[in-house]
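When the chains are written out, they are named A, B, C and D in that same order, and each has its own residue count from 1.
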Amino acid sequence: MTKIIAVVGGKAADTRSLDLAYEVGKLIAKRGAILVTGGLTGVMEAACRGAKEAGGLTVGILPGDSHESANPYVDIPIVTGMGEARNIVIVKTADALIAIDGKYGTLSEIAIAVSLGKPVVGLNTWDIPGVIKAATPDEAINLVFEP
Amino acid sequence: MTKIIAVVGGKAADTRSLDLAYEVGKLIAKRGAILVTGGLTGVMEAACRGAKEAGGLTVGILPGDSHESANPYVDIPIVTGMGEARNIVIVKTADALIAIDGKYGTLSEIAIAVSLGKPVVGLNTWDIPGVIKAATPDEAINLVFEP
Amino acid sequence: MTKIIAVVGGKAADTRSLDLAYEVGKLIAKRGAILVTGGLTGVMEAACRGAKEAGGLTVGILPGDSHESANPYVDIPIVTGMGEARNIVIVKTADALIAIDGKYGTLSEIAIAVSLGKPVVGLNTWDIPGVIKAATPDEAINLVFEP
Amino acid sequence: MTKIIAVVGGKAADTRSLDLAYEVGKLIAKRGAILVTGGLTGVMEAACRGAKEAGGLTVGILPGDSHESANPYVDIPIVTGMGEARNIVIVKTADALIAIDGKYGTLSEIAIAVSLGKPVVGLNTWDIPGVIKAATPDEAINLVFEP
(Lines give C-alpha, C1' and ligand atoms only; values in the text may rest on other atoms or scores of the structure.)
Protein backbone atom coordinates (compact mmCIF):
# COMPACT_ATOMS: atom_id res chain seq x y z
CA MET A 1 0.00 0.00 0.00
CA THR A 2 1.16 3.54 -0.70
CA LYS A 3 2.91 5.08 2.31
CA ILE A 4 1.26 8.02 4.01
CA ILE A 5 3.65 10.46 5.68
CA ALA A 6 2.53 13.30 7.92
CA VAL A 7 4.36 16.59 8.14
CA VAL A 8 3.43 18.43 11.33
CA GLY A 9 4.56 21.85 12.44
CA GLY A 10 3.76 25.45 13.12
CA LYS A 11 0.96 27.46 11.51
CA ALA A 12 3.36 30.41 11.59
CA ALA A 13 6.97 29.40 11.04
CA ASP A 14 10.19 31.22 10.16
CA THR A 15 11.74 31.08 6.68
CA ARG A 16 14.18 28.33 7.56
CA SER A 17 11.41 26.02 8.76
CA LEU A 18 9.24 26.80 5.75
CA ASP A 19 12.16 25.94 3.44
CA LEU A 20 12.70 22.66 5.29
CA ALA A 21 9.00 21.83 5.02
CA TYR A 22 8.93 22.63 1.31
CA GLU A 23 11.90 20.33 0.67
CA VAL A 24 10.45 17.57 2.81
CA GLY A 25 7.12 17.77 0.96
CA LYS A 26 8.93 17.53 -2.36
CA LEU A 27 10.91 14.48 -1.27
CA ILE A 28 7.82 12.71 0.08
CA ALA A 29 6.14 13.12 -3.30
CA LYS A 30 9.26 11.95 -5.14
CA ARG A 31 9.20 8.75 -3.08
CA GLY A 32 5.63 8.15 -4.26
CA ALA A 33 4.11 8.61 -0.82
CA ILE A 34 0.96 10.54 0.07
CA LEU A 35 1.47 13.66 2.20
CA VAL A 36 -0.93 14.30 5.06
CA THR A 37 -0.92 17.52 7.06
CA GLY A 38 -3.31 19.59 9.15
CA GLY A 39 -4.13 21.46 5.94
CA LEU A 40 -3.59 24.99 7.20
CA THR A 41 -0.78 27.58 6.78
CA GLY A 42 2.94 27.69 7.67
CA VAL A 43 4.78 24.38 7.74
CA MET A 44 1.63 22.57 6.55
CA GLU A 45 1.27 24.77 3.49
CA ALA A 46 4.97 24.75 2.60
CA ALA A 47 5.05 20.95 2.70
CA CYS A 48 1.91 20.71 0.52
CA ARG A 49 3.39 23.18 -1.97
CA GLY A 50 6.57 21.12 -2.22
CA ALA A 51 4.61 17.91 -2.71
CA LYS A 52 2.41 19.41 -5.42
CA GLU A 53 5.43 20.80 -7.32
CA ALA A 54 6.85 17.28 -7.36
CA GLY A 55 3.55 15.82 -8.61
CA GLY A 56 2.42 14.33 -5.31
CA LEU A 57 -0.96 13.90 -3.65
CA THR A 58 -1.83 15.92 -0.53
CA VAL A 59 -4.43 15.36 2.17
CA GLY A 60 -5.36 18.10 4.67
CA ILE A 61 -7.11 17.02 7.86
CA LEU A 62 -8.82 20.24 8.92
CA PRO A 63 -9.95 21.26 12.40
CA GLY A 64 -12.85 23.46 11.29
CA ASP A 65 -16.24 22.98 9.68
CA SER A 66 -15.39 23.97 6.11
CA HIS A 67 -12.88 23.05 3.45
CA GLU A 68 -12.31 26.75 2.84
CA SER A 69 -9.59 26.92 5.48
CA ALA A 70 -7.45 24.47 3.50
CA ASN A 71 -4.32 25.88 1.93
CA PRO A 72 -4.35 25.98 -1.89
CA TYR A 73 -2.03 22.95 -2.18
CA VAL A 74 -4.39 20.52 -0.48
CA ASP A 75 -5.92 18.04 -2.94
CA ILE A 76 -8.21 16.28 -0.49
CA PRO A 77 -9.57 18.34 2.39
CA ILE A 78 -10.94 16.17 5.20
CA VAL A 79 -13.32 18.34 7.22
CA THR A 80 -13.44 17.05 10.79
CA GLY A 81 -15.14 19.89 12.69
CA MET A 82 -13.35 18.49 15.74
CA GLY A 83 -10.77 21.15 16.54
CA GLU A 84 -7.56 19.86 18.08
CA ALA A 85 -8.93 16.30 18.09
CA ARG A 86 -8.05 16.24 14.42
CA ASN A 87 -4.40 16.04 15.49
CA ILE A 88 -5.09 12.46 16.58
CA VAL A 89 -6.54 11.63 13.17
CA ILE A 90 -3.42 12.97 11.45
CA VAL A 91 -1.23 10.76 13.61
CA LYS A 92 -3.36 7.63 13.22
CA THR A 93 -3.58 8.09 9.46
CA ALA A 94 0.18 8.44 8.94
CA ASP A 95 2.73 5.64 8.78
CA ALA A 96 5.36 8.05 10.11
CA LEU A 97 5.65 11.73 11.06
CA ILE A 98 8.16 14.40 10.23
CA ALA A 99 7.94 17.28 12.72
CA ILE A 100 9.34 20.68 11.72
CA ASP A 101 9.41 23.63 14.07
CA GLY A 102 6.07 23.86 15.84
CA LYS A 103 4.70 24.80 19.22
CA TYR A 104 2.45 22.95 21.63
CA GLY A 105 0.01 21.64 19.01
CA THR A 106 2.95 19.99 17.28
CA LEU A 107 4.19 18.66 20.61
CA SER A 108 0.81 17.00 21.16
CA GLU A 109 1.10 15.30 17.78
CA ILE A 110 4.63 14.12 18.52
CA ALA A 111 3.50 12.78 21.90
CA ILE A 112 0.52 10.87 20.51
CA ALA A 113 2.67 9.44 17.70
CA VAL A 114 5.35 8.19 20.08
CA SER A 115 2.71 6.74 22.40
CA LEU A 116 1.24 4.83 19.44
CA GLY A 117 4.67 3.57 18.38
CA LYS A 118 4.83 5.54 15.13
CA PRO A 119 8.24 6.78 14.00
CA VAL A 120 8.71 10.54 14.48
CA VAL A 121 11.60 12.29 12.76
CA GLY A 122 12.36 15.82 13.94
CA LEU A 123 13.85 18.73 12.01
CA ASN A 124 14.46 21.85 14.05
CA THR A 125 11.69 20.93 16.47
CA TRP A 126 11.00 19.71 20.04
CA ASP A 127 13.84 17.68 21.48
CA ILE A 128 11.83 14.99 23.26
CA PRO A 129 12.94 11.42 23.92
CA GLY A 130 11.44 9.32 21.15
CA VAL A 131 12.00 11.89 18.40
CA ILE A 132 14.66 10.80 15.89
CA LYS A 133 16.66 13.91 15.07
CA ALA A 134 17.53 14.73 11.46
CA ALA A 135 19.77 17.56 10.26
CA THR A 136 18.47 17.88 6.69
CA PRO A 137 15.34 17.04 4.67
CA ASP A 138 17.27 14.27 2.88
CA GLU A 139 18.25 12.69 6.17
CA ALA A 140 14.68 12.98 7.47
CA ILE A 141 13.31 11.24 4.39
CA ASN A 142 15.91 8.48 4.58
CA LEU A 143 15.03 7.89 8.22
CA VAL A 144 11.37 7.53 7.29
CA PHE A 145 11.73 5.39 4.17
CA GLU A 146 14.76 3.25 5.06
CA PRO A 147 14.64 3.07 8.83
CA MET B 1 -12.17 22.62 -6.52
CA THR B 2 -12.78 18.95 -7.24
CA LYS B 3 -16.14 17.80 -5.91
CA ILE B 4 -16.17 15.25 -3.11
CA ILE B 5 -19.20 12.95 -3.06
CA ALA B 6 -19.96 10.54 -0.23
CA VAL B 7 -21.67 7.22 -0.76
CA VAL B 8 -23.15 5.95 2.51
CA GLY B 9 -24.94 2.68 3.10
CA GLY B 10 -24.97 -0.73 4.66
CA LYS B 11 -21.91 -2.80 5.58
CA ALA B 12 -23.95 -5.84 4.57
CA ALA B 13 -26.27 -5.12 1.66
CA ASP B 14 -28.24 -7.23 -0.84
CA THR B 15 -27.15 -7.71 -4.45
CA ARG B 16 -29.40 -4.99 -5.80
CA SER B 17 -27.96 -2.38 -3.43
CA LEU B 18 -24.40 -3.48 -4.15
CA ASP B 19 -25.06 -3.14 -7.89
CA LEU B 20 -26.49 0.33 -7.37
CA ALA B 21 -23.46 1.32 -5.29
CA TYR B 22 -21.04 -0.01 -7.88
CA GLU B 23 -22.76 1.99 -10.65
CA VAL B 24 -22.88 5.12 -8.52
CA GLY B 25 -19.17 4.82 -7.71
CA LYS B 26 -18.37 4.46 -11.38
CA LEU B 27 -20.41 7.51 -12.33
CA ILE B 28 -18.86 9.64 -9.58
CA ALA B 29 -15.40 8.82 -10.95
CA LYS B 30 -16.51 9.52 -14.53
CA ARG B 31 -17.60 12.99 -13.44
CA GLY B 32 -14.10 13.59 -12.09
CA ALA B 33 -15.22 13.76 -8.47
CA ILE B 34 -13.52 12.17 -5.47
CA LEU B 35 -15.47 9.39 -3.73
CA VAL B 36 -15.55 9.33 0.04
CA THR B 37 -17.03 6.44 2.02
CA GLY B 38 -16.70 4.86 5.45
CA GLY B 39 -14.09 2.57 3.87
CA LEU B 40 -15.53 -0.78 4.99
CA THR B 41 -17.52 -3.55 3.24
CA GLY B 42 -20.91 -3.73 1.50
CA VAL B 43 -22.17 -0.54 -0.15
CA MET B 44 -18.92 1.22 0.75
CA GLU B 45 -16.77 -1.40 -0.96
CA ALA B 46 -19.00 -1.70 -4.04
CA ALA B 47 -18.92 2.07 -4.58
CA CYS B 48 -15.12 2.14 -4.20
CA ARG B 49 -14.75 -0.75 -6.64
CA GLY B 50 -16.88 1.06 -9.19
CA ALA B 51 -14.90 4.27 -8.77
CA LYS B 52 -11.55 2.50 -9.14
CA GLU B 53 -12.67 0.67 -12.31
CA ALA B 54 -13.53 4.05 -13.79
CA GLY B 55 -10.14 5.48 -12.82
CA GLY B 56 -11.35 7.52 -9.85
CA LEU B 57 -9.84 8.40 -6.48
CA THR B 58 -11.32 6.93 -3.28
CA VAL B 59 -11.09 8.04 0.34
CA GLY B 60 -12.15 5.76 3.21
CA ILE B 61 -12.84 7.40 6.58
CA LEU B 62 -12.42 4.50 8.94
CA PRO B 63 -13.89 4.07 12.44
CA GLY B 64 -11.09 1.90 13.82
CA ASP B 65 -7.44 2.31 14.76
CA SER B 66 -5.82 0.75 11.69
CA HIS B 67 -5.93 1.10 7.93
CA GLU B 68 -6.18 -2.67 7.69
CA SER B 69 -9.97 -2.58 7.92
CA ALA B 70 -10.16 -0.58 4.67
CA ASN B 71 -11.59 -2.41 1.68
CA PRO B 72 -9.08 -3.07 -1.13
CA TYR B 73 -10.48 -0.26 -3.32
CA VAL B 74 -9.67 2.54 -0.88
CA ASP B 75 -6.77 4.70 -2.11
CA ILE B 76 -6.53 6.93 0.94
CA PRO B 77 -7.49 5.42 4.29
CA ILE B 78 -8.16 8.06 6.96
CA VAL B 79 -7.78 6.36 10.33
CA THR B 80 -9.94 8.18 12.86
CA GLY B 81 -10.05 5.77 15.81
CA MET B 82 -13.32 7.50 16.71
CA GLY B 83 -15.95 4.85 16.04
CA GLU B 84 -19.30 6.17 14.90
CA ALA B 85 -18.08 9.76 15.25
CA ARG B 86 -16.35 9.21 11.93
CA ASN B 87 -19.80 9.38 10.34
CA ILE B 88 -19.78 13.10 11.05
CA VAL B 89 -16.40 13.50 9.33
CA ILE B 90 -17.73 11.73 6.22
CA VAL B 91 -20.69 14.11 6.08
CA LYS B 92 -18.64 17.27 6.69
CA THR B 93 -16.05 16.25 4.11
CA ALA B 94 -18.57 15.62 1.33
CA ASP B 95 -20.25 18.23 -0.87
CA ALA B 96 -23.22 15.90 -1.23
CA LEU B 97 -24.27 12.40 -0.16
CA ILE B 98 -25.79 9.49 -2.01
CA ALA B 99 -27.41 7.04 0.42
CA ILE B 100 -28.02 3.46 -0.71
CA ASP B 101 -29.77 0.89 1.45
CA GLY B 102 -28.40 1.12 4.97
CA LYS B 103 -29.63 0.76 8.52
CA TYR B 104 -29.38 3.09 11.50
CA GLY B 105 -25.76 4.13 10.93
CA THR B 106 -26.75 5.33 7.47
CA LEU B 107 -29.78 7.07 8.94
CA SER B 108 -27.48 8.97 11.31
CA GLU B 109 -25.40 10.13 8.35
CA ILE B 110 -28.49 11.21 6.42
CA ALA B 111 -29.77 13.09 9.47
CA ILE B 112 -26.49 14.94 10.08
CA ALA B 113 -26.21 15.82 6.38
CA VAL B 114 -29.73 17.26 6.21
CA SER B 115 -29.13 19.17 9.45
CA LEU B 116 -26.00 20.71 7.91
CA GLY B 117 -27.84 21.60 4.71
CA LYS B 118 -25.95 19.16 2.47
CA PRO B 119 -27.86 17.58 -0.41
CA VAL B 120 -28.74 13.92 0.22
CA VAL B 121 -29.91 11.77 -2.68
CA GLY B 122 -31.46 8.43 -1.75
CA LEU B 123 -31.50 5.17 -3.72
CA ASN B 124 -33.48 2.37 -2.13
CA THR B 125 -32.89 3.81 1.33
CA TRP B 126 -34.61 5.57 4.26
CA ASP B 127 -37.59 7.65 3.17
CA ILE B 128 -37.08 10.66 5.39
CA PRO B 129 -38.15 14.23 4.62
CA GLY B 130 -35.07 15.97 3.24
CA VAL B 131 -33.85 13.00 1.21
CA ILE B 132 -34.18 13.55 -2.56
CA LYS B 133 -35.32 10.24 -4.00
CA ALA B 134 -33.70 8.84 -7.12
CA ALA B 135 -34.78 5.73 -9.03
CA THR B 136 -31.49 4.95 -10.79
CA PRO B 137 -27.76 5.64 -10.40
CA ASP B 138 -27.91 8.00 -13.39
CA GLU B 139 -30.69 10.00 -11.84
CA ALA B 140 -28.86 10.12 -8.50
CA ILE B 141 -25.72 11.45 -10.16
CA ASN B 142 -27.65 14.04 -12.14
CA LEU B 143 -29.33 15.24 -8.95
CA VAL B 144 -25.92 15.65 -7.31
CA PHE B 145 -24.05 17.28 -10.19
CA GLU B 146 -26.80 19.34 -11.82
CA PRO B 147 -29.16 20.10 -8.97
CA MET C 1 -24.17 1.97 39.34
CA THR C 2 -26.36 5.04 39.10
CA LYS C 3 -28.35 5.08 35.85
CA ILE C 4 -27.57 7.78 33.34
CA ILE C 5 -30.51 8.84 31.16
CA ALA C 6 -30.17 11.16 28.17
CA VAL C 7 -32.88 13.56 27.11
CA VAL C 8 -32.39 14.64 23.50
CA GLY C 9 -34.45 17.10 21.52
CA GLY C 10 -34.74 20.45 19.86
CA LYS C 11 -32.75 23.56 20.73
CA ALA C 12 -35.89 25.53 19.94
CA ALA C 13 -39.06 23.68 20.89
CA ASP C 14 -42.72 24.64 21.40
CA THR C 15 -44.30 25.02 24.81
CA ARG C 16 -45.76 21.53 24.84
CA SER C 17 -42.37 19.91 24.21
CA LEU C 18 -40.67 22.10 26.80
CA ASP C 19 -43.29 21.10 29.36
CA LEU C 20 -42.76 17.43 28.52
CA ALA C 21 -38.98 17.83 28.85
CA TYR C 22 -39.32 19.61 32.19
CA GLU C 23 -41.52 16.82 33.56
CA VAL C 24 -39.21 14.13 32.21
CA GLY C 25 -36.18 15.82 33.79
CA LYS C 26 -37.99 15.99 37.13
CA LEU C 27 -38.92 12.32 37.01
CA ILE C 28 -35.39 11.23 36.07
CA ALA C 29 -34.06 13.04 39.13
CA LYS C 30 -36.77 11.56 41.36
CA ARG C 31 -35.68 8.09 40.28
CA GLY C 32 -32.14 8.92 41.41
CA ALA C 33 -30.68 8.83 37.91
CA ILE C 34 -28.20 11.28 36.39
CA LEU C 35 -29.51 13.38 33.50
CA VAL C 36 -27.28 13.89 30.49
CA THR C 37 -28.17 16.28 27.66
CA GLY C 38 -26.41 18.29 25.00
CA GLY C 39 -26.33 21.14 27.52
CA LEU C 40 -27.85 23.86 25.34
CA THR C 41 -31.31 25.50 25.16
CA GLY C 42 -34.85 24.26 24.42
CA VAL C 43 -35.61 20.66 25.37
CA MET C 44 -32.12 20.28 26.86
CA GLU C 45 -32.57 23.26 29.18
CA ALA C 46 -36.13 22.36 30.19
CA ALA C 47 -35.07 18.84 31.15
CA CYS C 48 -32.11 20.15 33.17
CA ARG C 49 -34.35 22.67 34.95
CA GLY C 50 -36.77 19.91 35.88
CA ALA C 51 -33.98 17.70 37.16
CA LYS C 52 -32.47 20.48 39.26
CA GLU C 53 -35.82 21.38 40.82
CA ALA C 54 -36.13 17.76 41.90
CA GLY C 55 -32.63 17.77 43.38
CA GLY C 56 -30.95 15.81 40.56
CA LEU C 57 -27.53 15.95 38.96
CA THR C 58 -27.17 17.18 35.35
CA VAL C 59 -24.40 16.69 32.80
CA GLY C 60 -24.21 18.78 29.60
CA ILE C 61 -22.07 17.43 26.77
CA LEU C 62 -21.37 20.59 24.78
CA PRO C 63 -20.44 20.88 21.12
CA GLY C 64 -18.37 24.06 21.45
CA ASP C 65 -15.08 25.09 22.98
CA SER C 66 -16.33 26.72 26.18
CA HIS C 67 -18.59 25.87 29.09
CA GLU C 68 -20.23 29.27 28.66
CA SER C 69 -22.76 27.87 26.20
CA ALA C 70 -24.16 25.54 28.88
CA ASN C 71 -27.64 26.34 30.13
CA PRO C 72 -27.80 27.51 33.77
CA TYR C 73 -29.13 24.14 34.98
CA VAL C 74 -26.07 22.13 33.92
CA ASP C 75 -24.00 21.01 36.91
CA ILE C 76 -21.19 19.40 34.94
CA PRO C 77 -20.36 20.88 31.55
CA ILE C 78 -18.29 18.53 29.39
CA VAL C 79 -16.57 20.66 26.75
CA THR C 80 -15.93 18.53 23.68
CA GLY C 81 -15.08 21.10 20.98
CA MET C 82 -16.23 18.44 18.52
CA GLY C 83 -19.45 19.88 17.13
CA GLU C 84 -22.06 17.33 16.17
CA ALA C 85 -19.70 14.48 17.08
CA ARG C 86 -20.68 15.18 20.67
CA ASN C 87 -24.05 13.61 19.84
CA ILE C 88 -22.28 10.25 19.77
CA VAL C 89 -20.79 10.87 23.20
CA ILE C 90 -24.25 11.64 24.62
CA VAL C 91 -25.59 8.37 23.24
CA LYS C 92 -22.64 6.25 24.40
CA THR C 93 -22.74 7.79 27.87
CA ALA C 94 -26.45 7.13 28.43
CA ASP C 95 -28.05 3.85 29.47
CA ALA C 96 -31.22 4.91 27.64
CA LEU C 97 -32.55 7.92 25.73
CA ILE C 98 -35.77 9.86 25.89
CA ALA C 99 -36.31 11.86 22.69
CA ILE C 100 -38.69 14.81 22.76
CA ASP C 101 -39.53 16.85 19.69
CA GLY C 102 -36.34 17.56 17.79
CA LYS C 103 -35.19 17.90 14.21
CA TYR C 104 -32.37 16.20 12.34
CA GLY C 105 -29.78 16.44 15.10
CA THR C 106 -32.16 14.54 17.35
CA LEU C 107 -32.81 12.04 14.57
CA SER C 108 -29.07 11.38 14.35
CA GLU C 109 -28.97 10.68 18.08
CA ILE C 110 -31.95 8.35 17.85
CA ALA C 111 -30.34 6.52 14.93
CA ILE C 112 -27.00 6.04 16.67
CA ALA C 113 -28.73 4.88 19.85
CA VAL C 114 -30.83 2.28 18.03
CA SER C 115 -27.76 1.12 16.09
CA LEU C 116 -25.94 0.61 19.40
CA GLY C 117 -28.87 -1.27 20.90
CA LYS C 118 -29.75 1.38 23.49
CA PRO C 119 -33.42 1.81 24.39
CA VAL C 120 -34.97 4.97 22.90
CA VAL C 121 -38.31 6.20 24.18
CA GLY C 122 -40.03 8.87 22.10
CA LEU C 123 -42.39 11.62 23.22
CA ASN C 124 -43.83 13.72 20.42
CA THR C 125 -40.79 13.04 18.23
CA TRP C 126 -39.62 11.15 15.10
CA ASP C 127 -41.69 8.04 14.40
CA ILE C 128 -38.90 5.70 13.38
CA PRO C 129 -38.87 1.92 13.79
CA GLY C 130 -36.90 1.22 16.95
CA VAL C 131 -38.34 4.15 18.91
CA ILE C 132 -40.67 3.05 21.72
CA LYS C 133 -43.53 5.56 21.75
CA ALA C 134 -44.75 7.02 25.01
CA ALA C 135 -47.76 9.28 25.48
CA THR C 136 -46.78 10.96 28.74
CA PRO C 137 -43.63 11.68 30.79
CA ASP C 138 -44.73 9.07 33.34
CA GLU C 139 -45.06 6.43 30.68
CA ALA C 140 -41.68 7.38 29.21
CA ILE C 141 -40.00 7.05 32.58
CA ASN C 142 -41.66 3.72 33.27
CA LEU C 143 -40.48 2.41 29.92
CA VAL C 144 -36.92 3.44 30.75
CA PHE C 145 -36.78 2.23 34.34
CA GLU C 146 -38.99 -0.85 34.22
CA PRO C 147 -38.66 -2.04 30.66
CA MET D 1 -19.54 28.04 38.77
CA THR D 2 -17.92 25.07 40.48
CA LYS D 3 -14.28 24.64 39.38
CA ILE D 4 -13.39 21.54 37.39
CA ILE D 5 -9.82 20.32 37.85
CA ALA D 6 -8.25 17.57 35.77
CA VAL D 7 -5.65 15.19 37.13
CA VAL D 8 -3.71 13.55 34.29
CA GLY D 9 -1.03 10.92 34.53
CA GLY D 10 0.08 7.38 33.98
CA LYS D 11 -2.18 4.34 33.80
CA ALA D 12 0.61 2.45 35.54
CA ALA D 13 2.49 4.60 38.05
CA ASP D 14 4.88 3.96 40.94
CA THR D 15 3.81 4.20 44.59
CA ARG D 16 5.11 7.73 45.03
CA SER D 17 3.06 9.03 42.10
CA LEU D 18 -0.04 7.17 43.25
CA ASP D 19 0.34 8.71 46.70
CA LEU D 20 0.68 12.16 45.18
CA ALA D 21 -2.41 11.59 43.04
CA TYR D 22 -4.42 10.36 46.01
CA GLU D 23 -3.51 13.47 48.02
CA VAL D 24 -4.22 15.79 45.12
CA GLY D 25 -7.63 14.19 44.57
CA LYS D 26 -8.46 14.64 48.25
CA LEU D 27 -7.46 18.29 48.22
CA ILE D 28 -9.46 19.02 45.05
CA ALA D 29 -12.56 17.62 46.73
CA LYS D 30 -11.89 19.58 49.93
CA ARG D 31 -11.80 22.77 47.88
CA GLY D 32 -15.27 21.91 46.57
CA ALA D 33 -14.09 21.39 42.99
CA ILE D 34 -15.11 18.59 40.63
CA LEU D 35 -12.36 16.15 39.65
CA VAL D 36 -12.10 15.07 36.02
CA THR D 37 -9.74 12.32 34.87
CA GLY D 38 -9.44 9.83 32.05
CA GLY D 39 -11.31 7.40 34.31
CA LEU D 40 -8.90 4.47 34.10
CA THR D 41 -6.25 3.03 36.45
CA GLY D 42 -3.02 4.34 38.02
CA VAL D 43 -2.85 8.08 38.68
CA MET D 44 -6.45 8.47 37.47
CA GLU D 45 -7.79 5.93 39.93
CA ALA D 46 -5.71 7.16 42.86
CA ALA D 47 -6.92 10.72 42.35
CA CYS D 48 -10.56 9.56 42.13
CA ARG D 49 -10.17 7.48 45.29
CA GLY D 50 -8.78 10.49 47.14
CA ALA D 51 -11.59 12.71 45.94
CA LYS D 52 -14.29 10.21 46.93
CA GLU D 53 -12.80 9.75 50.41
CA ALA D 54 -13.05 13.50 50.86
CA GLY D 55 -16.68 13.53 49.69
CA GLY D 56 -16.01 14.93 46.22
CA LEU D 57 -17.55 14.35 42.81
CA THR D 58 -15.55 12.56 40.09
CA VAL D 59 -15.95 12.49 36.31
CA GLY D 60 -14.13 9.92 34.13
CA ILE D 61 -13.83 10.70 30.43
CA LEU D 62 -13.26 7.25 28.98
CA PRO D 63 -11.58 6.33 25.68
CA GLY D 64 -13.55 3.15 25.06
CA ASP D 65 -17.10 2.19 24.21
CA SER D 66 -18.32 1.12 27.65
CA HIS D 67 -18.47 2.52 31.16
CA GLU D 68 -17.13 -0.78 32.42
CA SER D 69 -13.53 0.36 32.03
CA ALA D 70 -14.08 3.14 34.58
CA ASN D 71 -12.31 2.73 37.89
CA PRO D 72 -14.63 2.15 40.89
CA TYR D 73 -14.22 5.73 42.14
CA VAL D 74 -15.73 7.38 39.06
CA ASP D 75 -19.18 8.83 39.78
CA ILE D 76 -19.93 9.95 36.24
CA PRO D 77 -18.43 7.93 33.40
CA ILE D 78 -18.47 9.81 30.09
CA VAL D 79 -18.17 7.20 27.33
CA THR D 80 -16.55 8.80 24.29
CA GLY D 81 -15.58 5.81 22.14
CA MET D 82 -12.94 8.12 20.65
CA GLY D 83 -9.69 6.66 21.92
CA GLU D 84 -6.93 9.19 22.51
CA ALA D 85 -9.15 12.01 21.22
CA ARG D 86 -10.80 11.91 24.62
CA ASN D 87 -7.61 13.52 25.97
CA ILE D 88 -8.71 16.72 24.26
CA VAL D 89 -12.12 16.56 25.93
CA ILE D 90 -10.46 16.21 29.35
CA VAL D 91 -8.36 19.30 28.70
CA LYS D 92 -11.22 21.41 27.32
CA THR D 93 -13.51 20.42 30.21
CA ALA D 94 -11.02 21.37 32.92
CA ASP D 95 -10.29 24.85 34.25
CA ALA D 96 -6.78 23.70 35.11
CA LEU D 97 -4.69 20.52 35.00
CA ILE D 98 -2.46 18.83 37.52
CA ALA D 99 -0.08 16.40 35.80
CA ILE D 100 1.51 13.62 37.86
CA ASP D 101 4.03 11.20 36.43
CA GLY D 102 2.82 10.02 33.04
CA LYS D 103 4.25 9.08 29.68
CA TYR D 104 3.44 10.31 26.19
CA GLY D 105 -0.35 10.34 26.60
CA THR D 106 0.10 12.68 29.54
CA LEU D 107 2.54 14.77 27.52
CA SER D 108 -0.11 15.18 24.82
CA GLU D 109 -2.58 16.42 27.41
CA ILE D 110 -0.04 18.87 28.84
CA ALA D 111 0.75 20.12 25.34
CA ILE D 112 -2.90 20.67 24.38
CA ALA D 113 -3.58 22.40 27.70
CA VAL D 114 -0.66 24.81 27.32
CA SER D 115 -1.65 25.51 23.70
CA LEU D 116 -5.17 26.39 24.89
CA GLY D 117 -3.81 28.64 27.63
CA LYS D 118 -4.98 26.47 30.52
CA PRO D 119 -2.81 26.39 33.65
CA VAL D 120 -0.85 23.14 34.03
CA VAL D 121 0.78 22.33 37.34
CA GLY D 122 3.29 19.47 37.33
CA LEU D 123 4.20 17.06 40.12
CA ASN D 124 6.98 14.64 39.29
CA THR D 125 6.16 14.82 35.59
CA TRP D 126 7.39 16.14 32.21
CA ASP D 127 9.60 19.21 32.56
CA ILE D 128 8.29 21.20 29.61
CA PRO D 129 8.21 24.99 29.33
CA GLY D 130 4.71 26.04 30.28
CA VAL D 131 4.35 23.54 33.12
CA ILE D 132 4.33 25.19 36.56
CA LYS D 133 6.34 22.89 38.82
CA ALA D 134 5.07 22.00 42.28
CA ALA D 135 6.92 20.02 44.93
CA THR D 136 3.94 18.82 46.98
CA PRO D 137 0.19 18.23 46.57
CA ASP D 138 -0.50 21.26 48.78
CA GLU D 139 1.65 23.48 46.61
CA ALA D 140 -0.01 22.12 43.46
CA ILE D 141 -3.47 22.86 44.82
CA ASN D 142 -2.48 26.36 45.91
CA LEU D 143 -1.09 27.07 42.45
CA VAL D 144 -4.39 25.97 40.89
CA PHE D 145 -6.78 27.69 43.29
CA GLU D 146 -4.84 30.86 44.16
CA PRO D 147 -2.69 31.44 41.11
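Here is the rule we go by: contacts are C-beta pairs under 8 Å (C-beta built on N, C-alpha and C of every residue); 3 or more make two chains touch, one makes a residue touch a chain.
Quick caveat: nothing in here was measured; it's all calculated off a predicted structure.
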item: Option in C-D, A-C or B-C whose residue-number contact pairs overlap A-D by over half; value: B-C
item: Winner on C-beta contact pairs when A-B is weighed against B-D; value: A-B
item: Distance from the mean Cα position of subunit D to that of subunit B, given in whole angstrom; value: 40
item: Euclidean distance of C-alpha centroids - subunit A vs subunit B, Å; value: 27
item: Where subunit C touches two or more other chains, by residue; value: 65, 81-85, 88-89
item: In the complex, subunit D residues that touch subunit A; value: 82-85, 87-89, 103-105, 107-108, 111-112, 114-116, 128, 130
item: In the complex with subunit B, residue positions of subunit D that touch it; value: 65, 81-85
item: Touch list for subunit A against partner subunit B, complex; value: 1-2, 4, 34, 57, 59, 61, 65, 67, 75-82, 85, 88-89, 92-93
